[in-house]
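Each structure below appears as structure tokens.
The following pair of complexes shares a single chain, chain A, combined with chain B in the former and chain C in the latter.
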Partner chain A sequence: MEAIANPRITCAYLNSYVGKNVIVVGKVIQLRGDEALIDADGNITAHLNREAHLSAGNGVQIIGKVNPDLSIKVLSSLDLGTSVDYNLANSVVEISHQHRSLFSYD
Partner chain B sequence: MEHITQGALEAIFTDPDRAVNQFPVPVMQCLHIKFLDNKGPAAAGSERYRIVLSDVRNYVQCMLATQANHVMHDGQLQRGSIVRIRQYQAQALKGKNVMIILDLEVITSLGTPDKLGEPKGMEAATTERQNTTIGGAGFYGAKSEPVQESKSQVQRQIASRTGGGGGGGHGGHSASTIYPVEAISPYGNKWTIKVRVTSKSDIRTWHKNTGDGKLFSVNLLDETGEIRATAFNEQVDQFYDLLQEGQVYYISTPCKVQLAKKQFSNLPNDYEMMFERDTVIEKAEDQSSVPQVRFNFCNIQELQDVEKDATVDIIGVLKGVGDVEEITSKTTQKPYNKRELTVVDDTGYSVRVTVWGKTATDFDANAESIIAFKGMRVSDFGGRSLSLLSSGTMAIDPDIPEAHKLKGWYESSGRNNNSYATHNSLSSMGSAAGRKDEIKTVGQVKTENLGMETVDYFTVQATILNIKQKDFAYPACLSENCNKKVTDMGDGTWRCEKCDTTHERAQYRYIMSIDISDHTGHIWLSCFDEQAKMIMGKTADELMEAEQRDDGSFAAAFDAANCRKLVFRCRAKMDTYGEQTRVRYQVMSVAPIDFKSEGHKLAELIKQMSQM
Partner chain C sequence: MTSYGGYQQTSYGGQGGNDGGGFMGASQQGSQGGAQRNYADDTLRPLTIKQLVDFKEPYPNSDLVVDGMLTTQVTLVGHVRVVNPGAVHITYRIDDGTGMIDVKKWIDADKGEATPRFGVDTYVRVYGKLQSFNGKRSIAAHYIRAIEDFNEVNYHLLEATYVHLCLTKAASADGQAPQQGGGGMDAGGDGMFVDGGYGAGGVGADMQARLSPCSRNGRTVFNFLANSATADGAHLNQVASGTGLSARDIMSATEELLGHALIYTTDDDETWAVLEC
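Coming up: the complex of A and B.
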């Protein structure tokens, strides 16, 4: 197990994790070739890798590195289908940041 | 500056009609806040705030009604805040204009800027106000001199307390100024209120060793609030016939004001009144300027935050009507009529409401009509349910804005909604619907000794640790509805004693023991056929065959079922097994976890804990 886990974030937290690996759960708004627009409480541009097969409108969990321009270079993606509760996912992000000491983020 | 309704104050005090038209919701800046310390006898309760509001052109002294105190408690209202005045009363008190703020909303997005403009104090337009007063003599007619004198005393007294408590009504009837019910307190003021009797009780008598007595009580209402008043002994004779339900009266001191005995009243006022011999009660000429009923609605979703035995008012759409039932009270042997209704509202929640007596038997509202209930007791039966108090009232399709709003909501989305959330599992985070449904951890099941004294039902979310592989099923009778164990006759047939028949084969039914665990501990439950089938994914017959085949599929089946996390709804009860009496836990039903709703409940719980 790694000593530090990848934090789950939403759009608002991108600033704090530039250069780090993060996990984002969001909805795919648009797909444009190698790029996708993901809504995770705000829009995030994701640069996809070869294996990513996303569908617009579906939920997706992305693990990737945050670029200086606040886009994400995707290392792994997971299609979550249509019945994702985004409110719940966002709550998880907020709560895990409120109680940082319980999560080994940094 | 652009948000503030400049000129509103001038309009309010010189031309109220124009004020209502032009400035329906005045926006002002709060320049100053002062907390009035009540150095009065005993009573806690009335913390009053005096604030100065400015509309840039003028400023005025105001009293914040206690019902609006929450903006102080929340810390929202500060010096400099810009506020919307949703409800107010403007009065002239001996030359000074004051306002009582009944409802105000702080526009937090505008922050707390420094004093805007150079507002000047409002000049009181005394002449106008007094023209509308009815002359003292004319009004009180036959009343004796002393009363009139005390009235003018009242006026002077109240006037000398400008800014404190607010003294007048809208157009000042009679020589004394009318107090808002909101402002009644035990602090020995002299006051007159103009109120409508919303309910009058019957005369009740009591007999004790110390003596006999009689009393009756009324609920009194004006635009600012409600208060209960009681008359004892001689005052019963004095006032019982005078006070009629639905009529408006002027009631003046002397009258005792004391802390309310909440158990006898369903009103939210901290105080209640007791009539004295010299209390003055007169029927008002103008019956219309006092509201008929005042509701303080709670929406159904919020009910879960309301404590058991509290009193609330609700308004909702009637979704279901039960039949009238007659039940006899076990304690008093008296028969009662009751009827259960289901009411929903636009928070997406539904609640069971019980009405009694005549309200139940005469109930004839149509389904989908809007019903407003005043004076409902909250109980935690089935999570949350409501019961209409004998002092409560019910209004069908009332002509109030909330009713129209609900009607609109119901027409558009409410009607089609078939699944309303209920508070059925309220004691902690519930997931399954249904009555017998308290969520417990394994630890709680043990420490609370569930099942030891009575049969207890609980729901637990846990992971299967182990499934007993021996004796997991028994051969059962094949006959319909008969699940009795059949005996192996040795020649391949099975005999059932109960049905007195023999079958060629037996149907195996599960009688499975499983060990489940959560973060607080583990316990063994027993499952019957239906639940075990769901857990194992196979019928008992199939599993028996797999055992006999002995090709590994038997063990595999158990492995697959193991370590699954499920929601178990269980019954705990004492069982005598030979000589031992132990609590046995039986599984009533098993369900997979609904992660979404569980996730939300956890988030809620975390939020609540963070706030503690």
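Coming up: the complex of A and C.
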């Protein structure tokens, strides 16, 4: 059992999580080599690792570290297909920040 | 779910069969209620892993209590980080973004190789019980299944939050905690209850008892009216801005309160005041 939280965030929260590991759920807008543009209530640039298999237009969950330039260095990514409810995912981010006692350790 | 039923039956038999030894056999269940444990008290509660991490056992192998509520069975959703196959059970390390916990699934000897296995990075839903061994806590899983629809992950997080809020804020559903009257509302109305003043201030305990059959909106509107304390009552617009409820919700709530003879209309059909008794 470990007390390590990877907070769920959207684009708006990037600023507060520089240098930390986060979870982002969003839609792949564009793939450029090892970079992906992901829409999670705003566009985020993600630097992919070699294992990443994403397709444009699909939902994706990435776990990664927020760089100082507010891009994300991806540690792990998961293709979620096309039936992802992005409004729901964004609401969960809001809820998880409103009720921090259930989600994070600060 | 067959394994779930079987588990209950076995331990129940163990308890009923030999009273003295039954307690020992039940130590896994915790000592709550001794040999007379009532299975009607069994609950299945959605939790985030952090809620399990945060739980401090008052004594070893104590019952799991979250938000003041005895919690027996739990359900978690997370993705598999590590798979550790053993001879008799498979251990999965599950991460839901709020923490990590080991989940042990015993291999059913009858099924043998047919026991489903889950790979790294797949999302799973786990039903099980918290157990503690040598100070290391894990979940003994009754059942694990893969999640097909990713939205279920988010539903689970919302559900866990909802249950947490119901238990911590809406304790007044049965009128026992009047100072929290109408709590457990959505975020829009939360601010009203921060001071807890509505129930404690203007509304007596007997009034809360009469309010108990009313819906949550009904109680919210009543508490607002009771505290607005003007002789002419409050107009729909005032109630709407004070409670954050929609006009339609307020109309149905006031209709309900009128039916219970708790409020009356004053200047017109959209202005109400509390009926003092």
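The rule is simple: the second predicted complex is superposed on the first by the 105 of 106 C-alpha atoms of A that agree within 3 Å, B and C clash if a C-alpha of one lies under 4 Å from a C-alpha of the other, contacts with A are read in each partner's own complex, and residues count from 1 in each chain.
Here, contacts are C-beta pairs under 8 Å (C-beta built on N, C-alpha and C of every residue); 3 or more make two chains touch, one makes a residue touch a chain.
Quick caveat: nothing in here was measured; it's all calculated off a predicted structure.
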Checklist entry - Is chain A touched at more residues by chain B or by chain C? => result C
Next on the checklist: Contacts for A:I95 in the overlay, against chain B (first) and chain C (second): which applies, first, second, both or neither?
Outcome noted: both
Next on the checklist: Which partner chains sit in contact with A:S76 here, chain B, chain C, both or neither? Use first/second/both/neither.
Outcome noted: second
Item to check | First (chain B), second (chain C), both or neither touched by A:R8 | outcome: second
Next on the checklist: With both complexes superposed on chain A, which partner does A:P68 reach: first (chain B), second (chain C), both or neither?
Outcome noted: neither
Next on the checklist: Quick check on the superposed pair: does A:G59 touch chain B, chain C, both, or neither? Answer first, second, both or neither.
Outcome noted: second
Next on the checklist: Quick check on the superposed pair: does A:D85 touch chain B, chain C, both, or neither? Answer first, second, both or neither.
Outcome noted: both
Next on the checklist: Applying the document's definition of touch, where does A:Y105 land relative to chain B and chain C: first, second, both, or neither?
Outcome noted: second
Item to check | Doubly contacted residues of chain A, that is, touched by chain B and again by chain C | outcome: 85, 88, 91-92, 95, 98-99
Checklist outcome for this item: Within the complex, chain B is touched by chain A residues 85, 87-88, 91-92, 95, 98-99
Checklist entry - What part of chain B is in contact with chain A in the complex they form? => result 596, 599-600, 603, 606-607, 610
Checklist entry - Can you name the residues of chain C that touch chain A in the complex? => result 48, 50-53, 79, 95, 97-102, 121, 136-138, 149-151, 154-155, 157-158, 160-161, 164-165, 187
Checklist outcome for this item: chain A residues touching chain C in their complex are 1-8, 23, 25, 59, 61, 76, 78, 80-81, 83-85, 88-89, 91-92, 95-96, 98-99, 102-105
